[in-house]
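Presented sequentially are two complexes of chain A, the first with chain B as partner and the second with chain C.
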Partner chain A sequence: MAAKSVGGPAPAAWLAIAGLLLVVAVPFAAVVMQGIFPDLGQGSFAKPFSSFIATLNDGALIGMAGNTILLGFCVVLASAVVAVPLGVFRALYRVPGAALFDVLLLVPFMIPPYIATLGWIMTLQPRGYLQQLLGFNLSPFLFSLAGMTMVMAFNTFPVVYFAVSRTVEAVGARYADVGRVFGATPARAFWRITLPLSAPGLAASLMLVFAAAIEEYGTPAALGRRAGFQVLVTGIDLRISDWPIDLPGASIMSLLLVGLSLVTFLGQRWILSRRSYQTVNGKPSAKDKRPLGTMKWPVLAAFIIVSFLATGVPLLSILATAMSRTISGGLAFDNMSFDNFLQVFQNSAGALGALANSFSLGIGTALITGLIGVTAAYTVVKTKIRGRLAIDTLTIIPNALPGIVVAVGLILAWNMPWLPATPYNTPFILLLAYCCILLPQTMRYSTAAFQQIGDNLEAAARVFGASGITAFRRILLPLVFPSLASAMLLVFALASRELVASVVIAPVGMQTIATFIWRQFEQGSIGLGMAMAFIAILITTLLPLVLLALLRRSGLVAE
Partner chain B sequence: MFKSLKSITLGAVAAVLMAGVAHADVTVYTAGPQSLIDKMSEGFTKETGIKVNVFQATTGKVMARIEAEASNPVVDVLISASWDTATDFEKRGWLVKYSSPNAAKVPDFLKSDYAVAQGISALGIAWNTKSGTPKPTEWADLTKAEYKDMVNIPDPAQSGSSFELTAALAGQDEFKLFKDLQANGAIIAGANAEALNPVLQGAKAAVFGAVDYITLAAAKKGESVEVVFPASGTVIAPRPAMILNWSKNQDEAKKFIDYMLSDAGQKLVAAQMLMPARSDVAADRPLVSDLKLLKFDNAAVYGKRKETLGEITKIFGGK
Partner chain C sequence: MQADYGTGISSPMPVPMTIESLESNVAVSAAGLELHYGATPVLKGIDVALGQGKTLALLGPSGCGKTTLLRLVAGLLAPSKGSVSIAGQVVADAVTGTFAPPEKRNLGMVFQDYALWPHMTVGGNVSFPLEMRGIGRADREKRTMHALERVGLSAYAGRRPSDLSGGQQQRVAIARAIVAEPQLILFDEPLSNLDRELRENMVGELAELIASLGLTAIYVTHDHSEALTLADQVAVMRGGLIEQLATPDELVAQPATPEVADFLRLGGIAELQHRDACWFFGDSDVALVRADESQSASRRILIPVSAITPGDIQSDRLAASVVRSQFRGDGHLATVSLVGADQVELQVLSRQKLKPGDGVGLSIDLDQIRWFENPVHLHP
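For the complex of A and B:
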């Protein structure tokens, strides 16, 4: 409300706008243009809109769009069912071994979805690891909508879990206690105070899950096709990989996906705009957690089961495959060896180079998206400048653009002959692609954090003579930093494993972790691919943990 | 460890700096196996001093990249996994005419004025020897009760050679074989590697129309899997190499084709369990002359591509 008089938004806004134009608007504009002008790749603007009718007339399109929405809702629902109760218990009660469970529930983030899916397939299919160990298989379940939902939900629910546990923790104790003082029962205080006030975090995380689910390629491709379940992304991929290549058709279908994502996003905005969610107002709040009492064992069991299914099963399956000399040899003692791991460390097929490439790109992407995300979120939430809805919309678009379409858009945009210099065919094009795809992560987390910070904090700083930049740096940034830091760590993990865009856009001769793994699979060296995947998961899990521990020690992040 | 990290970092920085400048290097886009193109580039650079920039992906992804780059293309040599690409690119006028002196021993059906095969793969039945099923010898065997729910078919929409096999076999009996396969629980299971993986673990017994060299390489590594080439005939997939007419490095590109068809280059092809294009280079596997090939009219088959794929979707997709 008071933001306008508080003033000083200009530098942040300009930085955000410049970054967004470069990272999101350029490739998106190229995709739109490609949809309108089918011969854009040849540099021609002939026959505008001619592809629209052919693409939209495709009878399969409605079925694919329907399946996409259905899958999105199923994954959101399943993620919420698993994550919300766990998150609330984690936030309000003393769960034994909570820190350990946080780590275990972080790991699914780090497992690339296509790897997790392959892990589940190798576990549940006939003669898979489950059957080798226990004598039965769950193949009919896995290759169905339910199986797809389960695999995808176990991959994405940590987004909801961490969002809920953080926001409920911030809201929970203090406001609910006030309710209790005025005579509300604990349940009533939770439903009427804690849950509504946690809505921004919950809504933002559910929306991320929905957007991730409708945009996900690996799982629907591996599980869905067998169930006859086509979604938009697999349809788009088919248009791009089936000769003759249909780039205009793929672009138009991507715009449909973007439309879907925007609708969810507007829905979220509408929910949030109806009231204020400011809970961080500078007053001290006690973070005393309650003991679980008689609920201790059931809650602990739930944490253990979810951790085992989400983290244990995929990891063990990946490890078993990586250690098998031959896949047909199965889980036999004489079939186990560390050969595949040795091959990775001996730099077979450029494995070490791929690791170094991906981690440098991951760090770069985290820093850039962090900077753009936090400035854009500040501009949208805390200033009143015109066009901030446009900024907000721009940060949501990449959420729905399939990676492969981002890649095509970037090639179209950056490979034009008249450009004097171009990042295309250098590693910077991968950096641009990752920043575009992952910007929504830092943006959504920072937005949710800013929405919970009272305007009076910044105003107070300004009253005491701080400049706009100082107030941002000394007051707001430290308050959103925990959210921002976790979003950046997430970006690091996601960037260092991105597959779909990397496969198309990687500069000649450059491998990343994901393209390395994918090539091993293509050549039938599943064990070597899985060994690489296991090492990458270990590093992407441990590195952020070490970083967080260091940050905590230096006092930048609260416990 | 620190030293290797340091050299990796330096290498990465150097790669960043070098990647933008391509002077008289030859840029190769290939749908072939990564290790083959790696070894071939290494040998070529050693012999000629010309550096090779490689982009490797599936045929579809390579094509998507070329299509998106069309206004400012960078590729000099393209090696596709489907001869159809060569025919199509020739029609578009994108190719340079070249007959390598080393192509003399390449049979006529594996070369044209504009393209020449690097190597050839064939399709066969990949069968898990420990699956407890009898060894199949014919395509039609896989419709028998022993193989109920145990057969994977690579998606003909995602692989040129699978499509040709499907079209050739479907043309013989109006899709009866595929209807019988479906009735026996066979499923369409993604691209080639995706279809083979369940057979290795034993979830399925056989792949109907597996790319042979991947399966042969797996068998060589000790996987209990075998390739059967049905006596009634199969299809082969020559992998055409071609020079693009926009290439600014055509001499280097021609030298690359020469090297690819040299004794050394063809031996590398054979080492990947592919059939060498040259008939005078030996390989430790069945060669084209050992296989019976299905006869079909290429132009007619590709002319009806959409209808054929539609029919297959109708048979297998209807759930």
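For the complex of A and C:
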């Protein structure tokens, strides 16, 4: 008999398994099964793998897969070009206003990519804001691979910027200084010590950018279609929403996309676990940093330009559009008004309903992912029970499931005619989708939190008379709560503005914030859509921040 | 309140060490205890019993299984074979599948990393065991304060553990372990995270606490001085087995094996060979003592530090040269190697500091030498 560690893990494990099966395994299995058995919809297991050959020989598919990878690499390259120099300067030199730039470069995280894209369209399109201000437009550039790359890179490069600046800062403060003591010049210390030690962190962040780029729906849908640039995500969307509906094809393309995501995710995880030296917890102090000297103004200019392009352009463009009485009126003082905001609050086109729907779904998603995340993380990190590996695997899968694939899986799983009851065509289908897409957030935060907790803290509670459940409730849960609460707030923010699954599987007649914005933009009520976008950014950013501040003040969440 | 801790276990009585003779007085016992991680055995068959009000030290190098044994007693691990009993109740038995979880065993425990719950105050940590036992708030506060007074920290009840120094944190952990007057307290290397001076003070305090409260305790350590100071019985462990179970005095006077003697740093171990009616150091020409006859051709011996008097090199003394020397409080403890048999290293206590390479003459009190039985001849 293998030695077993004694704990009270069974209820947590069962809860985690039940939740993961419903939220993750069902849609994932549906996609895989449909991919293998093309006639599954008719209840037949005939001709397995037959559609593989047909679909994989389809030249259009090869093109879409190629475009997906091409776009991913372009975004990675552009993000690196923008972020790496800025990150290194931020880490090693005294950049004036560094703290302010850090805040400004956080803003892109708060702007959903599809909203940023709409902002860029309003700016660069013919008679857009650029033309009104400077007399020319960049429409051909925007509606091309280069334009998509730029918009997406400006949305994702902060991931790389923060990874690089933190690693280089930590490594520079510790190991590079040791190199200096042993005779290396600053330049040699950078090339021989800082750079090799920072490379894993940089690589991992670039893979994160790649994963985000190949899963992105809004930007390729809004910009790529007009340029005839189809990626897998938009291709899948086309096959499930336009006649003739091709579910086997959509599932094979989904599997291809999942494969790409999975490889990227596992690669990133491998780098971080094996190759990362970023375990330094010492806080580097600003006094060790070098002055910029003659580079001061060029570096400062670069920070200002990048911050403006990443933060200022989309936000100002959204705000300008939202405040325009008419789009054709343009940037004129007498065209400014709050009419669009008023219309949102007067429930024009069901705006208030969309807000209420998204917030309810956001709260529900936060609660469910919080519960599954904390129980699954506990089981994986703190117990040695059998089935732990299955839970671990089930929690990895959603990392590699783009929103569109989750949507396809849910359609396949819950749209079968023989099911006695189904969440399909009810708000619950969106809840399932959001939970699957966002589970990695709570899972990641809770896992990290549990890993921080020494095993003896739980053991001590047991020895001093607490049952397994009491020890979990009184000791472990309060200790992971700060991380869990932050993760749940993040989930709320992301769920309440989720686009792709909402567009594909929202029940008939039900709007969410994202679908509302998307439809208003398509139908020409752009001002109303942008007013909603601005409100959504404001609320989904401010509400979690306020809650977090309240939790901190009440002492429930430590810094 | 003082009497609360002493009830029932305050009168020390002589307790014989065999299980059969004192069923009623055995506080904790293990029989045939084994633990395997997969195919790797960690414990290979442990039999031990401890009387009430007594302290057992589990002493051994890291990886010897001492902490594993403690966690089996605590119920944090379940045995692969054998059984554990506490106060006459079987709490774990691999054959019947009996297993009482930790919370049902009425224990106190002090952990190496303190394991204070960072989200609770010092008072909250200490009162937790009382809370789990369903004790009312007023009584809980009184007993918590009393336990904190016992370790000199009553002024810190409202603080967070992170505000306290390492030594203070460990005192809180001790208060938490004694507050509910458990039938058995387990110490898992409680002092190894403290620096030397603090550690030596705490050993004294712990010894006093254990004696005054009449605690029954199991104390895991790799530090022989802690074990010999605190325990009534010391189990020296090696490779998942108990090598010797004895009182501290017996252990020092009669270590069972050269390995035990070496681990307790009692002196130098040497292997002797019998040739030409003499015992020689190994295959060298250096003789220790005349012996006309011997049953065996070779024996291993312990030459205790106290058996050797260093002096100038003379004909009736063994010549040695100093390898290294370390100050030890009551003098300089030098490791020396014998001239002509330099694989033999002995320990010598000297008033003067000896420098590496110095020559020194050793006169050895042969009566103090301990001759170990040769295991090959013991089990033919």
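Here, the second predicted complex is superposed on the first by the 302 of 559 C-alpha atoms of A that agree within 3 Å, B and C clash if a C-alpha of one lies under 4 Å from a C-alpha of the other, contacts with A are read in each partner's own complex, and residues count from 1 in each chain.
We adopt the following convention: contacts are C-beta pairs under 8 Å (C-beta built on N, C-alpha and C of every residue); 3 or more make two chains touch, one makes a residue touch a chain.
Only a predicted model underlies this, so the values are computations on that prediction, with no experimental measurement involved.
Once the two complexes are laid over each other on the shared chain, residue contacts for A:I363 go to neither chain B nor chain C.
When both complexes are overlaid on chain A, the residue A:T326 reaches chain B alone and has no touch with chain C.
In the superposition on chain A, A:L371 makes contact with neither chain B nor chain C. When the two structures are aligned on the shared chain, A:A29 is found in touch with neither chain B nor chain C. Annotation for chain A, partner touching more residues between chain B and chain C: B. Once the two complexes are laid over each other on the shared chain, residue contacts for A:A459 go to chain C alone; chain B is not touched.
Shared-chain residue A:G524: touches chain B; no touch with chain C.
In the superposition on chain A, A:L479 makes contact with chain C only, not with chain B.
Against chain A, in their complex, chain C makes its touches with residues 35-38, 42, 71, 74-78, 80, 94, 99, 101-103, 105-109, 111-113, 115, 117-119, 128-129, 132-133, 176, 180, 186. Interface of chain A with chain C (complex): residues 1-6, 8, 454, 456-457, 459-468, 470, 474-475, 478-479. The residues of chain A lying in touch with chain B in their complex are 40-43, 118, 121-122, 125-128, 139, 221-222, 225-228, 238, 240-245, 247, 325-330, 349, 352-353, 356-357, 360, 404, 408, 411-412, 415-417, 425-428, 503-510, 519, 521-524, 526.
Contact residues of chain B toward chain A in the complex are 4-5, 8-9, 11-12, 15-16, 19-20, 22, 27, 33-35, 38, 53-61, 63-65, 67-72, 74, 82, 84-85, 88, 128, 130, 155, 157-158, 160, 187-190, 192-194, 196-198, 200-204, 214-215, 217-218, 221-225, 317-319.
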